[in-house]
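Structure incoming, see below.
Letters A, B, C and D name the chains as they come in the text, with residue numbers starting at 1 for each one.
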Amino acid sequence: MSFGQLPYDVAHVLGGAMLLLSCMLLYQRRVAAVITALALQGGVLAAAAAWQGYVQGAPQLFLTALIALLAKAVLIPLALRLLVRRFDLDRTVETALGIGASMLAGIALVALAILVVLPVTGGAQAVAREDLALALSVVLLGMLMMITRRNAILQVVGLMSLENGLILAAVGVAGMPLVVELSTAALVLVVLVVGAVFLLMIRGEFASTDTGLVERHRGEAE
Amino acid sequence: MPLPWITVFLPWLGAAILAAIPQERLAVRANVAISALGCLCTLGLVAVPGGEQGWTRIDALNLPLVILGGVIGLTTAIFSAGHVRAEGFDTLRLRGYHAAFQIFLGAQALALLADNLGVMWVAIEIATLASVTMVALHGTPAALEAAWKLFLLCGVGIALALFGTIILYLAAQPFVGHGDHGLSWVVLRGLAARCDPGLLNLAFVFLLVGYGTKAGLVPLHAWLPDAEAEGPVAITAVLSGLLLNAALHAVLRAKAIVGSNPGTIAPGHLLLGFGLASVLLAAFSLWRRRDARRFFAWSSIGHIGLAATAFGLGGLAGNLAGLLHMIGHSLSKSAVFFAVGHAAQRKGSQQIAAIGGLIASDPALGWGLAIAIAAVAGLPPFLLFASEFLLVMEAAARLPWLLAPLLVGLVVAAIAKIGVLQRLCLGAPTPDARPPGPGLTTLGPLWVHLGLCLLLGLGLPGPLRALFDAAARIPG
Amino acid sequence: MMQALAAILTQLLHVALVVLAAPLLVGGIRWLKARMLGRRGASPLQPWRDLDKLLRKRPVLAENASAVSEVAPYLGFAACLTALALVPSFALGMALAPLADLLLVAGLLALARMALALTGLDVGTAFGGLGAAREMSFASFAEPALLVAALSFVMLAGSSNLDQIAAALRDGGFGLRISLALAAAAMLAVAVAENARIPVDNPATHLELTMVHEAMLLESSGRHLALWEAQAALRLTLWLALIVAIFLPFGIAPAGAGPLAWALGLLVWVVKMAGLALALAVFESAIAKMRVFRVPEFLGAALLLALLAAALLFVSTGLS
Amino acid sequence: MLRACCDVPLLHLTPRAIGSASERFRTFPVLSALGLVILAMLLLAVPAAYGGPERGWVGRLVHAGSLAGCVGFMAIAVAALLGGAPAPLPLPFGPPWGGARLALDALGAWFLLILGLAGALASLFALGHPPGPARSLVPYPLFLAGMALTLAAGDLFTLLLGFEAMSFASWALVAADHEQAENRHAARRYLGFALFAGACLAAAAGLLAAGAGALDFAALRERPPEGWRAAAILALVLAGAGAKAGMVPLHAWLPLAHPAAPSHVSALMSGAMTKVALYVLARFLFDLCGPAQPVWWGVPLLVLGVAGAVLGGLRANLEADTKTLLACSTIENIGLILAALGLALAFRGRDLGGLATLAAGAALLHALNHGVFKTLLFLAAGAVLHAAGSRRIDRLGGLIHAMPVTAACAMLGAGAAAALPPLSGFASEWLLLQSLLAAWKLGDITLQVLAAAALALVGMAVALAAAAMLRLIGLVFLGRPRTPRGAGAHEVGRLERAALVLAAALTLAFGLLPGALLDLAGPAVAQLAGAAPPRHGLGLLAGEGAAAYLPWLVALLLAACLLATWLLLRRRSPQATQRGPVWNGGFIDPPLVFGDPLTQPSAGGIAQPLRRMLGTSLLAAREVVDMPRPGEPRAGHYAASFRDPSEPFLLAPLARATDALAGRAERLRDFSLRQCLGLGFATLVLLLALIAWLEGG
């Protein structure tokens, strides 16, 4: 694989699409739209994994793609939608940092990701390097989303986006062992987080989904 | 099946059994029995020739930590046997509690023994999930919040660690070809010198931040005090004593790989910075604590910081100091948690003000706690005294400016600990909320840990010396 | 052999001399002061008569007085006598000369002071305690002044042995050094304080609020009081002799000299002591007693003078 | 460093170390014996933990064992002083990275002698006491063993091990009576200072070892530190050892901790433990830092020492508690020893060997003398506390009638503390003053003026000590009882009296034969001064052609004068004394059985002149007099207070700084979960930016 060839171009386009979707996640003002963007990102991830499976001739990546498609593009977004509808949550996004400001921060993070990966030259293939920059950007944007949104569901979305970035990186590295196991384990983590949010909301421990408000159980008498 | 595998799977098998036992008496005994078997297994590892067994590998660095895990697992199970009743669990929770405990023990053993970094990552994730379960078990708002904090922060942390692992493989990928051994620690370490230093740097940053979160290094520590203070009293000992060790061990493995490439920015200095921040922040945070278990949780942050500082300094003596410090911390801190947990159950509150005069009301417990806190504060003749001494020696020799923050941290923290020691142990006893439980399940583990600390601090047996010496060479 | 005999002889003569002279000195000063104030004054021999009378009286002790009240007078007297035996008067090279260390003399005086203060506290009366506290407090200021003043002549003589100092200053031809004059002034101030003279204390007063020395003796009577009075006289003699030996060493018989030199030395010593007594009388008549809490300033000034003397000497030794 | 230790295959090292240890057991019995005595002391703690009924035998066993051990210390110390230093003895145990070793050179042996003396006296006294609770019996032998281990250490690790063990064990003793809040406060502050001391010493040890690459003394001596390293070691050792010795300004724990402990432990802490700290100071600064250090090294010791002497002496005059008073007097004496050590260091730096031996001799002799007379005084205070039920001066009085032996012994001890000839304190302070009088030979005008000022202040300190001792003796033993409890006092038991008499006899004997003691200490003096001291024989010499002090002759003269006066007066004034009522300035005692304490001088009253003269300026002392107007029926009120300058100028700012920093740290804890995540994220981004910058640049 080298620059200008089809496998590279497709992988690149898919990675770019994921980054774009990450930016959209940051940009959206409505919870429903955020969830849709997330589902889309899951779909793109599945496509990327499948493409890599095809290019690298690694059949296990198809499994990864399948799992990603099912879980991230379908099940989890559905569950989140259910959650939003069931609890009649505020449909607009509550931010700790304005949308504009978080976009700016996002751009800065992408620049940083590129800057960090830039010196990596010796030996590593250009493909992997570009992929890495994209995946790193997705990871960082996911984390940014986690810390700039007050809504627990949006934080879960951020975590999932972060995890999507991880899988993107994992499938992009040719010959990565245990890739299925690792991606599944990471997925389990995310699913459990979603489940925990679900559980907590049902139990009424979150009076609101603003995580800023549940911080008062310090266990230390004042 | 090789013995290391048994060491991992035995507790997991036990967890399955325990999850099925509804009777409390039986479950408690089974828990102790399984832990004892696990402890025997870890001791048996001494006889296993070092090297690779499938995806596990025994070397001098993980062997003492695994044995430590076995021993503390056993003592904690014994302590738990006497104290689980007072937690007031229903049957379901009791089953979950015991199962999670054993899963945790198995996972931390796996995290230490794994040769494959991917396996290690999975093990740490399992340990995290098990500890989240244990912390949340009480279901009180405080416990849920602590568990949620632990879950989310550590979840993000280990996600970052996975990213680091992937980058590490990416760096090594041109040289390993295909196959599962591409994530083997030994292979990676051997290849590191040829890898791209830029990628290694990147990988180390992610691994450090990721596993560092699990190890409770400042500023990634926020989950630790609450998690250690809110769970059932018994599990605090393993959370503080074993989970942190496993995470720091993972950081060390990463440092060993990255450090063996001369082109990288020195990973030791990053670790040193985190360590120093932990030591200083913990030292000053201790002063405002009113909750006894949170107090000692903060002290754990300080101790892990000291160990990180020592490993950051590196070199034989630095690594030896760090290793000894980890072991000393695990033994003495869990001893403290046994005594504090017992006292907290008895007094019906874990506020420092509610626990007082233990020496007057129960000399064996009071003195044991007093000596254990003194050991934690670095007073002789226990292991932490030796390790801190060695650390100071090494700092003076290598980075003399380090002495100033180190001494401030050590002294400020130690004085705060003395204050709490006196408030817990001296003075007139505070009233009991409930009749004291069986003392022996507290006193036994407590004094055994103190004895071990003393033995390791002053009379380390020759073979162990050789083992530690070899272990100190591994992180580089 | 002859030399040793001579040394012992001078020592014995010296002790006899000072014991005889001490009450005379006190009486003499009283007489001089009375004369200066236009009174006739008691005979200079009056202290001897007083002592004789006191010895014949039956001593009375308080009911709760302890052995301290009975032993301390002897101890104080013995300490002062021992100290006085060490300070050269008319001749150098006395038998005890190797022992005649200035610090030892100060120590023996401190012993006597302690004995006196313990007596003051023995029965637990208010005035005894007051006097004892003040006496010990003054000493805290007098001792540093004394030591620093001593520094000057110890530097010059190379030793704190009084015999050696006197010899060195007598033979050394140090001339009229400004630093020695300053040190002498400091020593005089210390001497005034140590002997409870005006302006630090008034030996003649019995006004309770101002007295220091007498306050401690209120419970003493008979032979105990006699011993204390004699001790005070010895102490005054000692200080004057000390100043004479250090700062006015001319005329003193050198070690190994014959009886003729002794006689001359004796004559010169009597003249010097009389002169000092006269100076003291004039001084005491001319000024008033100061408040108790001004005493530290008085002694502090002495200390500064002594420090100045030492500093001047540092400079001059540094230059040479 | 330590790489050398680590590089040796440790597995093989241990058996060899044990083997050679057993070899040495035969060849060097002195050190082996010392090790065994220390071990026996450690083992004594085991039966002491027995808490059952009928515990009398436990106390007797522990104290008798301690007594025997201390006698052993003395014998070993004398043997080492006379027979020369044995070769270091490797111990069969040690830190995880190497071996520990015992060594005993003259310096250590001299301090071991002090420890043995003070320990034996204190143990003998305690033997006559009813045994305390197990919590004071267990740490007592451990405390002794810790001190001995510090003195017998042959490497830095063992030294610090013993040092900290000593601190920890004595903390348990200070906290023995922990039901009282003030004792807990004292214990906490005590251990805090001890931890600070240990940390400073560890850092100093690290800097020392960094240059030499080893921890044992022999190797360290060969590569003394230089430059900034040496200066840092000086500062750290001063802070570390000084904090443990009670050096100003790190003395704030001492007046609290010493009184809080049981009396025989107070005696040991003042008499022996502060000396152990001084030993550590001397070991680091004189021995391990080598002889090539500059003259100015002595200046901080001299300045701090003199400051401590004056401050301690003054505080001793203001305190109202017997044991606190004695503790302050300890600060004063430690100051004097430190000043002597500083002078020795300066003289040595100027190559004035003779004077250095003089000053070093003063330090060592005073350490010994203080060790004995302060033990005596604390034991006497303990006897008073036991018999009259109080430590407060204002609740005691007139005890000389009820406790004649204790009173006599206390007077001897107080005389020594007040530096009265011919007692022991005078001899050593004479040496100190002689070396101060000779300090102008240092040459530099700054040093000369400094030494002259030091001379003045030492003189003042000595006089202040005398005033304090007068106050102690006069108010506790003389006068009339101030409370019914005090009037019902009785003499203490046989063994306690024996301890007191023995200590008093030693005070007298050491005062009479200081030359012999100094000759015994000769090798230690030579070690400190770097030059061979002259032989003193029966008296003390201040050097060639300088003054001499012959105490036995002085004592003889005094005795002769006393005898002569007594004989003379017996003939001239034969009448027996008569007893009559007290004349109290015309004041008639109220009709109380025991007299009214208010008509007697009080602790505050005796302190008044010095409080006004010095206290107001140095200690911010204040007096509040509430005098009712004429005709008003209410009682007048008088209150006096003072404040040690180390509280407002050192401890309070430190506490404030800690609190402020803790508050800052606390803000992090108020972070919400999201902010915590943000913190982690920021860390990650920062690190990424860092590596981008490092790699780019």
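Keep this in mind: contacts are C-beta pairs under 8 Å (C-beta built on N, C-alpha and C of every residue); 3 or more make two chains touch, one makes a residue touch a chain.
All values reported here derive from a predicted model rather than from experimental measurement.
Engineer: If you count the contact pairs for each chain pair, which pair has the most?
Structural biologist: C-D
Engineer: Indicate the whole-number Å distance between the mean C-alpha point of subunit C and the mean C-alpha point of subunit D.
Structural biologist: Distance between chain centres, rounded to whole Å: 36 Å.
Engineer: As a quick test, compute the distance in whole Å between the mean CA positions of subunit B and subunit D.
Structural biologist: 42
Engineer: Where the CA atoms of subunit A average out and where those of subunit B average out, how many Å apart are those spots?
Structural biologist: Going by mean C-alpha positions, subunit A sits 31 Å from subunit B.
Engineer: Need the CA-centroid distance for the pair subunit A / subunit D, whole Å please.
Structural biologist: Chain centres of subunit A and subunit D, defined by C-alpha means, are spaced 67 Å apart.
Engineer: Send over the residues of subunit B in touch with two or more other chains.
Structural biologist: Residues 148, 152, 156, 160, 198, 202 of subunit B touch two or more partner chains.
Engineer: Enumerate the residues of subunit A that touch no fewer than two other chains.
Structural biologist: Residues 116, 119, 143, 146, 155, 214-215, 218.
Engineer: Could you pull out the residues of subunit C that touch at least 2 other chains?
Structural biologist: In subunit C, no residue touches two or more other chains.
Engineer: Please list each pair of chains that are touching.
Structural biologist: Taking the chains two at a time, the touching pairs are A-B, A-D, B-D, C-D.
Engineer: For subunit D, which residues count as touching subunit B in their complex?
Structural biologist: Spelled out, the residues of subunit D in touch with subunit B are 1-3, 6-7, 9-11, 13-15, 51, 93-97, 134-135, 157, 160-161, 164-165, 167-168, 175, 178-179, 181, 184, 187-188, 191-192, 195-196, 199-200, 202-203, 205-207, 209-210, 213, 215, 229, 232, 658-659, 661-666, 668-669, 671, 673, 676-677, 679-680, 683-684, 687-688, 691, 694-695.
Engineer: Show me the residue ranges of subunit D that touch subunit C in the complex, using the header's touch definition.
Structural biologist: On the subunit D side, the touching residues are 397-398, 400-401, 415, 418-421, 426, 430, 433-434, 437, 440, 443, 445, 448-449, 452-453, 455-460, 462-464, 466-467, 470-471, 473-475, 478-480, 542, 545-550, 553-554, 557-558, 561-562, 565-566, 569, 572-573, 575-585, 587, 595, 599-601, 605-610, 612-614.
Engineer: Which stretch or stretches of subunit B touch subunit A in the complex?
Structural biologist: Against subunit A, subunit B makes touches at 116, 118-119, 121-122, 125, 129, 141-142, 144-146, 148, 151-152, 155-156, 158-160, 162-163, 165-167, 169-171, 173-174, 176-183, 194-196, 198-199, 202, 226, 229-230, 289-291, 294, 351.
Engineer: So in the complex, the part of subunit A that touches subunit D is made up of which residues?
Structural biologist: Those in contact with subunit D are residues 96, 109, 112-113, 115-116, 118-119, 140, 143-144, 146-147, 150, 155, 211-212, 214-215, 218.
Engineer: Once bound in the complex, which stretches of subunit D touch subunit A?
Structural biologist: 669, 672-675, 677-678, 681, 684-685, 688-689, 691-692, 695-696
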